[in-house]
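Right after this note come the structures.
Below, chain A partners chain B and then partners chain C, in two separate complexes.
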Partner chain A sequence: MLAVGLVLLLAAGLGQGTTRGVLREELLLRPLPVGDVAAVFQFRTRWDADLQRGAVSHYRLFPKALGQLVAAHGVRELHLALTQGFWSTQSWGQPPLGAPAGAELWVWFQDTVPDVDKAWKELSNILSGIFCASLNFIDSTNTVTPTASFKPLGVANGTDHRLLRYAVLPREVVCTENLTPWKKLLPCGSKAGLAVLLKAERLFHSSYHSQAVHIRPICRDASCLAVSWELRQTLTVVFDSFTSGQGKKDWSLFKMFSRTLTDACPLASESKVYVDISPKNKEKDLLEVTPTPTSVHEAIVQGDKTTYAVYDLLSPMLFNTSRSLNVQLKWKRPEDSSELSTPIMHAHRYVSGYGLQTGEISTLIYNTHPYRAFPVILLETVPWYLRLYVHTLTIITKGKENKPSYIHYQPAQDRKRPHLLEMLIQLPANSATKITIQFERALLKWTEYPPDPNHGFYVSSSVLSALVPSAIAMKNVNVEESPLFTSLFPSSDGSSYFLRLYTEPLLVNLPTPDFSMPYNVICLTCTVVAVCYGSFYNLLTRTFHVEEPSRGGLAKRLANVIRRLRGVPPI
Partner chain B sequence: MRRGRFAPSGSAAERGNMAAAAPAARWASAAAAAALLLGCCGAVLAGGIQDQAEQFFKSGHTNNWAVLVCTSRFWFNYRHVANTLSVYRSVKRLGIPDSHIVLMLADDMACNPRNPKPATVFSHKNMELNVYGDDVEVDYRSYEVTVENFLRVLTGRIPPSTPRSKRLLSDDRSNILIYMTGHGGNGFLKFQDSEEITNVELADAFEQMWQKRRYNELLFIIDTCQGASMYERFYSPNIIALASSQVGEDSLSHQPDLGIGVHLMDRYTFYMLEFLEEVHPASQTNMNDLFQVCPKSLCVSTPGHRTDLFQRDPQNVLITDFFGSVRKVEITTETISLDRNLAGFESELPKDVLATEPLKYADQLPVAQIIHQKPKPKDWHPPGGFILGLWALIIMVFFKTYGIKHMKHIF
Partner chain C sequence: AVSVSVVFLPGSVPADLPRRLPYGDVREERVPVSCKSPAVCTARPPRGAWEALRAVPYGDTFLPRLSRVAPGSSVCWQSCLCSQPSLLPLPQGVNVYVGKHRSALVRAGQGLAILHARLQQLLQVVSLTASSIAAALSDRVPDGQLGPDAWRHLKSSLGYEITFSLLNPDPKSHDVDWDIEGAVNHYVQPVLDKLSLVANFSVDSQILYYAVLGVTPRFDKESSSFILSAHSLPHVINPVEARLGSSAASLYPVLNFLLYVPERSHSPLYIQDKDGAPVATNAFHSPRWGGIMIYNVEVPASPQTSLPLHVDVDMLRVMEVFLAQLRLLFGISREELPPEFLVESPGNEGLADWELDRLLWAHALENIATVSTTLTSLAQLLDQISNIVIKDDVASEVYRAVAAAQDAVAELAEGHLHSAFQASKEAVTSSERAFFDPSLLHLLYFPDDQKFAIYIPLFLPMAVPILLSLAKMLREARQNKKEPTKMD
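Let's turn to the complex of A and B:
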């Protein structure tokens, strides 16, 4: 026991120089305008090894399951997100990391891969085994190849979109069986560090739960001559105990997670908790955080200046007074909810129409910036059984038609490929853009219906990628020193930041047959045939012949004798 | 003679071996005299023979597998998921690891929007026991639970890209526990309200498993209405089967919970769970105790079992032969010293190839590049089939109309 502990200490103490992996963990707590709290966990492992060239057999911080996957299938980037719920941008603000409802998987392959579709199929099967999700349902009917969105997030020396695959399974449920393998990929598991807070009973009692895995190659240092592999595991959860009336607006770690933090993961080089205490609407001292944070950090996140109270779990003074850290937030004055700032871009999508034959999908995109316009790429994937009519596509802004600068439309092939619609649209300042397209519902073959067809069929969320102008110019900061939640999307210049939003998924009813009809038809047809055929058979083959009346038995003859004696006619 | 006898668990279970023909009286007396003679000199050897006989009747399996299937969808079938999860919990507690359990749940109850306590599945009223827990791995979920997938798992005929956690990698020394629950009828079990598996298909699947030597012994438990009909057709050796009700009877559910709004468990599995909670990895409870688990007074239906295909006496079969796991432990007395000097190991890794010029991140939204993007040149395929035939027809008609001499204009 002592020997093992000594070895661990030695290994951790050897430092980053010789161990080629670095683990950073971080928790961001952001109080939302409506009174709920969003918690974003990020665990990032950076590994200075070359997975692609093989010859890696010693896995320390990087999980072996994912390392072997990347090496064997020629993966350059992998992004998998499992989400339950919907991030409502209008009331909660911009999401730190967006994800569509259900399961989303997008992968960039290396250009040395001979058959991308085969590698994609194998990859989704293996991931379904690792994460206990039904990712094996990903096939050509829900996979698309976007041509302008989803550029690689890691270092890349070319973007040939033929190596990109994107698929969404909107019906996928996220529950503890997906969280369990996700937690097992962490170097410390759920035993030490920030991951002790991840208890399923509290995490799924929320209005939004999203867990993701991102693997990408990054620059090893500022000169960017060598490539390291980065694995980010993120978990975003929004607790709604205040808006659902179950709790007060003041929150604490114990109230949210039913646990408190006791120590940092011994394998982590950095372990911090950030609490967003930015003053809203220019009012200072609205929030009070206890215990005292170890430092205060100011950063420009998503174009706006935000202040964070930082708790560094590795600093010795944090656990001086008590063994556990329970961050508590109190609202000093009741905030008037009338002044809710709207985010610069938000979107809304809905399906309209009546009946089971036709319908219309409408997407509304709002640009609330007072004077800046910016471009947005809209990517829509519609399943083949909703036949889109592209001639009915209209884009209207401020009453006038808005022609997109780039359109890519790939029509669907029945049972083979979904519709793909990608458009680059300029959103003028302070406007609402409405994009509508009509569709017709197809009738599926009766074996293609799922066991619960009356629930409806899902259309996956559409993706909006935009370069949103920032209120304050952002400087290029060193990725290694800035908090993790600022560094997933590489920023090119300071005047705008990249944002990816997802709209609502749609639920559409298809004309559903009555599945008891085959049984009814068989019964009815067999009865009719039996009755008809039986009657004809009888008519054709029945012959009549005269039958001799029988003499009667003994009893009858005796009775006839008695009757003759009485004078009554015989029977 | 292979037809067996299916006994309701009130009477003693009888093996269906052929009844011995009564020997004649003189043979009986001769045999008795010989036995007396042997008995006095065999007293010393009796102890050794007893041990050997017990050894002969021990199971001889080296690994354990479990296939737990819940076949019902929709919120009001909560109790079927709770049944399966309680067996999963017992099996894990007694030592079978997740890698040896194939768990198939046809619907998600824990994170169902109707569940007032998300991420929990309870088996007792007043929410005493959360059988879902914090460490659960479901291998086949939701729409993946179909008759085809179930039979593929059993017979091993699985597409090559299936991950390991979804396979039943048993061998001829594996003891397998198969538990099924859902809605059933006389001779069939309903999968997800859209398809059925019949008892003949199930028996044939087990026979395929036997012929491919995929099991050593099999324990089949089914908790559905008219469950005994599902094991009527088995004909492969080494199978014990238990069912919660006889043909013509319904299996009833235990108790509803007013907070959750549905029935939480079925009676048979409820009492089986209570029985299994008393079992620990070293306990000596045997199959006969399992046969007595739910008498008619508690279960209302009559549970049944079938042991005629099984070679050992159920008295000698431990519960942990199927519900627990065999672990091979080797005790060694030599000291193993851990290498404290790990730095030397790391320096043996190959040096990385450095790029000549700095790499950069891709531009996330390069507007100019996107607008002027040329459409990708599609690979040219030679025209095939219909188009080729159409052009051939057009050319033939042309030359028939105008004569073959026009060919010289082309060549």
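Let's turn to the complex of A and C:
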């Protein structure tokens, strides 16, 4: 029933859509509790064409490279995120759109794809070419097929999880070379619209940077007889404005991006900047935004009432007074209490133990809701070279054992596939749940070590998916109208919202051999052999004969000199 | 080999034609192609052969009969000869009329010699010439021997991707729309259907915004327009190409056709050739890459028109240029026709049968040359690394490639173009598969010189006493020579 409602809203929001496609760009600026500023860009391209049939080959707003990819490999849904840094939920609050450190790719394929593994391999290779990322390192040793954690976000008739592939490369470093191809997919590039702010040298001089591409089919109209394709390109960046702004929490667009906005992308049908000015701690008018926003929008986002100051770049009023838009935010008086409102759910993960033989992975999940319990799905992907002891799996909440209601465990195969552990755990109200599992470190073959093996081996973040109870009853808001990601994860009912969190990636040391050892051995043996050979050779080839001492040693000569001086005949 | 059957119209039989019909005559012509690798030189130059089948007493009915000559698997030409000008519907001064299919009308005098000469000319036009062979083998011919045209042709491949891109660098002023689907169906698809014998084609299109040329055009005061001069054209493509993107779906070479709508501040924009005259089509092509056409938008008289200005591209004008460029890139241009020749327009298909024959021929030739180069370099690799492992499947691919190549050569000699082309395609596929087999990677094998480097710690200290004693022996020998035999 909700799906129908969603569809209605979609149709209402995009009534003007033509076959040419619709582009909408949004920027959300959100001051974070500790004084950082999060900027979230989202570019939505919607195309009313059926990519799947392969008949479409004439691209307008939708990028050709991605369209061909979707058509050629039978992709139903594609989600790729490249992230540098870690979103710390505890100090920054819930992420607008979570992503694990490194590269994450999950794809739903069509049920007509004959060989999903082959399509997955080819797809990751092509994506690696498109985004200049090392996605070609995705192979069977880091690919899993989760059963419960990832559901299709678009229109789907059936969720056969065998059509899903999920992989994370936690070692991946994201930098300018990944940003440039991402920007190239935008219809306006970085020449106009909100994308002019995306200046690589500022974006990567930040605490957190995450760029993502989401492709999914959505309903074209209310009847949902035809599908449209939606491409969302999102970019989240967190600036540490507190340290760069001499201890002040004030910020402006120019300070953060060293650019200002001058116009909207001419192809966009919507171009808006949202500034989160929701009153914290019931204190109003603590902050001041200049220039005056064109409108104020109220929405319920992630279970909390949020107020946005909206700047509509398409409205002619905005650029009447000044040629460029430089949104500024000033705090009227320094916020004395820096008390953090802890998010309802947050999690940590660490590795413990000593020595290089065994260890323990511990995951801590907190539910800070005062009175409501909720279930969470935990997905752990552990590489095969950490051999998990499943019998040591313990889940403890408030000192008591917590039995998961669903466990899916797929053991690893050496050099073939990783461990996959999925559990549905009930989190009681106001509790901390500790999940521990022990492992043994495997010895790798010497060619399997990556460069710099003493740095350690990464274990990808575990994924927490939950329906978190919301603080405020959510009305059936117009999903398409509200900014950013609320429309990507529609809420199932009014009392809870979907949240996906990623924990820290782990860095585990494996027993590492001394790689110069073979050469050292060769050198040492060779030297010994050479010395022996040399002495033998000398022994065999030299002739020995007794030699008469002719002039004597130094002492004798010295004595002779003295004797000569004294006039005594030499010895 | 090209076999030409000649049908004489009544009253046109040359006096010195032997009485006995059919009468045959074979002409052979060698085309010298100097090659780098000797294997390539086995490519057969085409021979001209003709035979006069019979003198037909048909009157005006020959034209329908001629056009019915089956597009068989072998190249078979039919020529009609006539000495009476009134019988042939040819304009004055035109002596040879080449039809859409494999037929031609030739007006010859009474002598057999003139007939020979005319047929020779005809064969020059419709069959492979020395220059087109050289173009097909351009990669294997030493530099400096080829004209610029030889480099223009696309290399033979199993498939091609054709991408039409509309570049709109100024979406604020121009809202450009093109009916590319319709244009492709109307103008491009018939040509590609005809060409589908040669390769697989896929067509797609895209619109790119804010894509600018790499050169700032010069303002010309006289015509109050902007000018791109010919010498700056090579710099135009690079920044655009970065935006074009490569195809995700296949590995075939891409042919790019760009339609550039100049910015409002730079329009109208015209291309000037080397002499300074504007190019009529306002387009240029880049060899083996594609073509660019500049499409100027008429500036409305009143400056009050609201921007963006909606522009619908006239696809007929654009596709005329792009199709001409496509023909050029495939090397099916009509080159240097003798003055008394008239060639029938190929119509909507854009390609006459005999042109397709020539293309097939050239591609088959090029494929065979590619196979021989690939296999030669594979053999060289095997010579270099003695302990390389050739798996059975690689070996069978090599055998298959050699067999198919020989097959192609034989079929080509017979004149069976289609089967020769198919065989050459198979040969290319097999040889490439063998050459690019992952087990044949050069780096998989440990080079010998590095093995020696590892054993240097052994060899170096062992060499020291040997060298020292050698030096000592030399010194002693020299001393012995200086003071010969001083025995006690």
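Odds and ends about this structure:
One rule holds in what follows: the second predicted complex is superposed on the first by the 488 of 571 C-alpha atoms of A that agree within 3 Å, B and C clash if a C-alpha of one lies under 4 Å from a C-alpha of the other, contacts with A are read in each partner's own complex, and residues count from 1 in each chain.
Operating definition for what follows: contacts are C-beta pairs under 8 Å (C-beta built on N, C-alpha and C of every residue); 3 or more make two chains touch, one makes a residue touch a chain.
The structure presented is a predicted model; accordingly, all values stated were derived computationally and were not measured.
In the superposition on chain A, contact of A:Gly74 is made with neither chain B nor chain C. Once the two complexes are overlaid on the shared chain, A:His58 sits against chain B and chain C alike.
Partner contacting the larger number of chain A residues, of chain B and chain C: B. Look at A:Tyr519: by the touch rule set out above, it reaches chain C but stays clear of chain B. Applying the stated contact rule after C-alpha superposition, one finds that A:Cys219 touches chain B and leaves chain C untouched.
By the touch criterion stated above, A:Ile126 is placed in contact with chain B and with chain C alike. Once chain A of one complex is fitted onto chain A of the other, the partner contacts of A:Tyr537 are limited to chain C, with no touch recorded for chain B.
Contacts of A:Ala192 after superposition on the shared chain: chain C is touched, whereas chain B is not. Of the two partner chains placed by the overlay, neither chain B nor chain C lies in contact with A:Gly353.
Overlaid on A, the two complexes show chain B and chain C touching the same residues of chain A, namely 58, 126, 129-130. Chain C meets chain A in the complex at residues 163, 171-172, 180-181, 184, 202-207, 209-210, 242-243, 245-249, 308, 454-455, 457-458, 460-462, 464-466, 469. Chain B makes touch with chain A in their complex at residues 73-74, 108, 110-111, 117-120, 132-139, 141-144, 161-166, 192-194, 338, 340, 342-343, 345-347, 349-350, 352-355, 358-367, 370-371, 373, 376.
The touching residues of chain A, counted against chain C in their complex, run 57-61, 63-66, 68-69, 71-72, 126, 129-130, 184, 187-189, 191-192, 263, 266-267, 519, 522-523, 526-527, 529-531, 533-534, 537-538, 541.
Residues 3-4, 6-7, 10-11, 14, 18-20, 48-50, 53, 55, 58, 84, 121-122, 125-126, 128-130, 132-134, 136-137, 147-148, 151-157, 159, 161-162, 171, 173-177, 180-181, 199-201, 203-205, 219, 223-227, 375, 377, 405-406, 424, 450-452, 465-467, 489-490, 492, 498, 515 of chain A are the ones that touch chain B when the two sit in their complex.
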